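For clarity, chains are labelled A, B, C and D in written order, and residue numbers in each chain start from 1.
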Amino acid sequence: MAGIKFDSVRRVFGKTVASNDVSLEIKDGEFMVLLGPSGCGKTTLLRCLAGLERVDGGRIYIGDRDVTDLAPRDRKLAMVFQSYAVFPHLTVFDNIAFGLKMQGRPKDEIKRRVQEGAELLQLQDYLARYPAQLSGGQRQRVAVARGIVMQAQVLLMDEPLSNLDALLRLQMRAELKRLHAEIKATTIYVTHDQVEALSLGDRIAVMKSGRIVQCDVPMNIYDDPASVFVGGFIGTPPMNFLKGVVSAEGAPQVVVGESRIAPTPAQTPALAARRGQPILLGIRPENLAFASSAQRNTLRGHVVVVEPLGSHKLLTMQVSGETIKVSVPPDQSVASGNDVWLHFDADKIRWMDAGSGDTIH
Amino acid sequence: MRSKVESALPYGLLAPTLLVVVLLIVVPIFQAFLLAFQGSDGGFTLAQFQKMVHDTAFLDALKFTFLLLIFIVPLQIILALAMALLIHKRFRGHSIFLYIYAIPLAISDLAAGIAWLSIFTERGYLNSILHSLGIIDKPFLFLSYQNLPAVFGTIVIAESWRATAIVMVILLAGLEVIPRDYFEAADVFGATALKRTLFVVLPLLRPSLQNALIIRTIFAFQTFSVVLALAGRVIPVLTGEAYYWYAANRNPNVAAAYAVLVMVFTIFITIMYFRLLKTTDAEAGYD
Amino acid sequence: MKTRRLSMALLAFAMIASLVLSACQAPAPTPAPAAAAKAAEPTNAPQPTVAPASASSSQSLIFLASQLGPVEEQEKMRNVILKDFTGAEVDFIADANENVILDRILAESKTGKVNGSVVGALHGAFPNLIAANALEDLTPLLEKLKDRPIVKEFLTLGKMGTDKQYYIPWMQATYIMVVNKKALQYLPQGANVDALTYQQLGEWGKNIATATGEKKLGFPAGPTGLMHRLTQGYLYPSYTGGLVTTYRSDDAVKMWTDFKAIWQYANPQSTTYNNMQDPLLSGDVWVALDHTARVVNAFKNQPDDFIAVPAPAGPKGRYYMSVIAGLGIMKGAPNKAGAEALIDYLTQPAQQAATVREVNFYPILDSGLPTDLPPYVKTESDGVLKQARSADAHVALLPVGLGKKGGDFNKIMQDTFTRIVLKDEDIKKVLDDQATQLNALLTELKTPCWSPDPVSTGACQAK
Amino acid sequence: MESSLAISRGAKRAPIAWRHVRDQVGLYGAAILLALWTLAPIYLIALSAFSTKAGVSAWPKSLLPTNFSTDTMQFFINSKGVLQSVGNSVVVALLTIAASLLLGAPGGYALARFRFKGKQTIQLSFLISKMFPTAILSVPLAVTFLQLGLYDTVWGVALIHTAMALPFVILLTAGIFVGVPRDLEEAAQTLGCTRMQAFVRVVLPLALPALAAAAIFTFVISWNEVFAATIITLQHRTLPAQVLSSLNDSPLYYRFAGGFFMIVPALIFIFLIRKYLLNMWGSVVR
């Protein structure tokens, strides 16, 4: 009923293409995260949807309404700003009630809905206060409450947690998830924090240079990145990439340094087509483990730095002249300067084209 | 020892300015106060003020000074706000318009008076335009003493023209420091342009409005060149009377009395602005 | 970075330039417009009676004048009238605001740092200067100038009621009526434009208004206009035969009643007119009364459109005001010899003729007007002469002996006008109020009556 | 891979967005209307200044330069005292800039950087000092100046103008210095600069463009000031004083020439500082 559709949306600032013919469909009630590094165009896309930014091409639909040429106020949506944009001259109550007042709702309805919204975000005690008297986290709640009481079909959030400290961010993240479950509005959430994206999104659209490079459910994005860019952007630490060459003869194998790595049967045909060509091997740090000796699918590595992080140890290692990160159990005994064998399962490997960076299937 | 030097530093830096301002502004103001309260024998007297109050033009001057303030200031705020909001949109070519709107900032009231006289006089440009459009066949007398509302109107227009620029610049500068998010939030939450201006822009602009109002009021009380050019003394204003008593009547005492009155009114109105437009402590975040 | 450097450089330049420029404040050379130079006809080389000391010929001399303030007149004075003077390098300083000049003279004399040498001012300004002991006695100089046919009455005025000669008459002016020829067809039946009465002026205005729908009489009632002089020198004496003594007389009530009737047909913009030449030229006004110097551009720019006629007459005759300007020498003048030479020069017939020709102030010599006047001056001077030679003509003088309080006196006149004519207050009541103020002022000053009021022993008082 | 992702390569051009067109027309319409309102009097006085004498008193007047003539303008510029007064105005204004910035900028810096007792009082008293009509203020000043021997000198006028401009210069420079991040200055100090060196090497270069703009604003204040200049000068008149004194009783066409002559610099000054207008006043707001 209120899905959203971007149809070849284009937005250009001078020479920068902030939104390069982006098409994307979001289902009714879905929580869609736009993820990407700063400058990738995710906020522009959101602002185009909100009507704060004019589009240079393409159409935008909310439900079956074409909203491309509508003023923001006619698009019937709510938004949480990165800076919160909580009006400093209005009390918390008036801030939350702002949108309702603009719609000219009756007084008692406004009061009721503001109360509800305030309860949902535990702001009941602060309704008479001014924003300057609130903490950052409380202001953020006001911004969310202001959006929610609109009961709009579409809720937009532009990096709403980026100005909070780490602990608060963690709390609010869970709370937003709970809220979405409760209100079920179609939500578009812009962030550059991949943890937020993975935790909150029903689906994640990863953006780069004005394009969506991958759009999928979080686990697929994590496990099966569509490119070096996605793999390298998602995960802490991100996916490791090693340069290799597909063997020219025999069963297709990939030569990485002194090691030879055999693909899974499913991967074999794709590799067979690239005999003699360079290729990238992608593997997540947690999918590497110490092995006692050289065996199938092992790499020789030199430990450079050991960082005990409590839940695990993070190692910085040199493998065939490249630096990678490896995550090992906390009780693994290892010291910098050690030379070790690293083992991995072939089905955890993702192969990428060395030129384009795209994943090979 | 060092901290002592540190804490004395700001005073040291301000000292030259304070010295000049005290010697050349504060002391003369004090002298003018003395003049206003001094009789011909040099003793204290209120005679100058009595003379001022009983002067034929006094009540009119009082009335018109405040009427002009009441008419001009809101008109200027509206015009300046319109200009500032337009420029704030940063449309292509906005800097040219900013330049144009700001020009009157540097135009003296002497020159402005001459320019507007050429427009409003009997056979001036406005009547020429109206005539060539066929709206009138005889010149309309905008500056007739028998039609004070018309004369008053011309003054309001000319003064608004001249002094809108400073208000515009102050308001625009104020707009620039307000994060755009606030305006966008208002848009997203359904405010029309008018509602956004009334409920979001104006309240957030309060500090700038306060500054603009104070500066404008100070200047509005002191301008009379334009009034003199367009209305002669048919529409007297307080500072104009002060000048007239000094320059034409050769009576610095009564002139000083008028000046004192102007200063008192200005201070009074400024305090009023501070009261009216004060951000509450809660709003500013002090509990 | 570039702009920063640039602005730094600009700022530095500004500071240095300002220091340099202020250090060498040489008087800027005067550009002599070709037109003005041509206008100066070759006259007989002046033969100064007072030989200037040879040393002083290159010496500079400051001539402070409260007359000839308008920029065109200042230019004529510098480039034409003073051009042939060899006695000193004259720096002519005039200001349209008389007070600026008077303040300067008084201030110089008070602090003892006298820079000015020659003072040119109206008769009414001199008591002020004499009271401040700022002026030399010019009796010795007059002795040397006794061959000049200076009008005797003017010389007497220059003594300011003492036995010393404080000023030598310099030039005179008056107020006349200027008429656009288009107005002549509406003259009231039987009226002679050269011998109008105030009543006829009112009827004339009415006729014009009926015919054209516009009020085309005009008076200089703007902030710096000379309306109060018309009250003092024309209306009051013509109706009452006096000014102060008759201030609230029945004749005065009659005068104000008549003048209110005339004013009905005056352009309502009159309250913004500081001089009448602009509204005359634009056509806003067809008939106007003003100072000769403030209407002359009408004749000059549109010579065929205007004529000059005598001011109207009232029941007591055709009073007109003669404005006399005199030349004095400051006590402690740095260039006294040059000053005397300059006064000599300016009172010579050639310069007197140049003065009327160039700046429209009339000679103070008995010998009458020169014949070689340019047409526009001729037009105006015809009116002036007609006015002076009218059978019923009488001369009124500017107020005398009011000193610093001249402004207060004028204000009483102006307030009377404002209250009666503009605010429509009761005439009798206003005259009583204002006469009380007038009496208080004159009592404080102990000023005796002056012409046309009869000579009094004590302070002049309204009856 | 199952996903709703679909990147279409051929860019679809949006059809003409009428709302956008309407907004743009409204925007430019309003902007141009307001610009006309601002420019009309300037155009008309220029028209008058460059008309023949007859053109000035013509009826009805033409709105196009059909009576173009530079006669009155030439006469005005060539008449004695005008060029000299322009020179005086420039000298006075430059002296005023130099003095008011040298005196005022340190004060503005103090207001911007320090918290100290009496700060608000001082700021307020600057404001109050502007509330007394300048025209009357000049009267006692003239007497004082006479005693000091500053009467009728450009120095005297510059001194008065400095005093008049200082309250503004303090406010403007305070705003400018607030805009220079304190961190930079502190960084310089940690790197071995004295406070003075930090100011001269870091703060001043950063503040200079805005200071230059403030200087031009000061220039405008001085250029337009008329009463003090009229009262304390006679031979060394500034341009406005010259216009006020010698043109007041002159015929209209000279007044137009004078009026226009005074407006021209305004056009130039504002053009020079247009970029910094907001910097200067923006910080006054805070």
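The definition used in the following text is that a residue touches a chain if its C-beta (ideal position, glycine included) is under 8 Å from a C-beta of that chain, and two chains touch if they have at least 3 such contacts.
The model shown is predicted, which means the values in this text are computed figures rather than measured ones.
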For chain A and chain D, chains touching each: B
Intersection of the contact lists for chain C and chain D: B
More contacts between chains, B-C or B-D: B-D
Furthest chain, CA centroid comparison against chain C: A
Rounded Å distance, chain B centre to chain D centre (Cα mean): 16
Chain A and chain C: spacing of chain centres that average the CA atoms, whole Å: 89
Geometric centre distance via CA averages, chain C-chain B, whole Å: 37
Inter-centroid spacing, chain B versus chain A (mean Cα positions, whole Å): 55
For chain A, residues contacting two or more additional chains: 71
Where chain C touches two or more other chains at once, by residue number: 97, 224, 282-283
Where chain D touches two or more other chains at once, by residue number: 57, 59, 252
Pairwise chain contacts, counting only pairs that touch as defined: A-B, A-D, B-C, B-D, C-D
Residue ranges of chain A touching chain D (in the complex, touch as defined): 7-8, 10, 21-25, 54-59, 68-71, 205, 211-212, 214-216, 220, 226
Of chain C, residues touching chain B in the complex: 97, 99, 213-214, 221-224, 267-272, 279, 282-284, 404-408, 410-411, 415, 418-419, 422
Residues of chain D defined as touching chain C within the complex: 53-54, 56-57, 59, 75-76, 78-81, 83-84, 87, 90-91, 94-95, 97-98, 101, 142, 146-147, 149, 151-152, 154-155, 158, 205-206, 208-209, 211-212, 215, 230-231, 234-236, 245-252, 254
Parts of chain B lying in touch with chain A, wherever the complex brings them together: 179, 181-182, 184-192, 195, 199-200, 203-204, 206, 279-280, 282-285, 287
Complex interface listing, chain B residues touching chain C: 56-57, 121-123, 138-139, 141, 143-147, 228-234, 244, 247-251
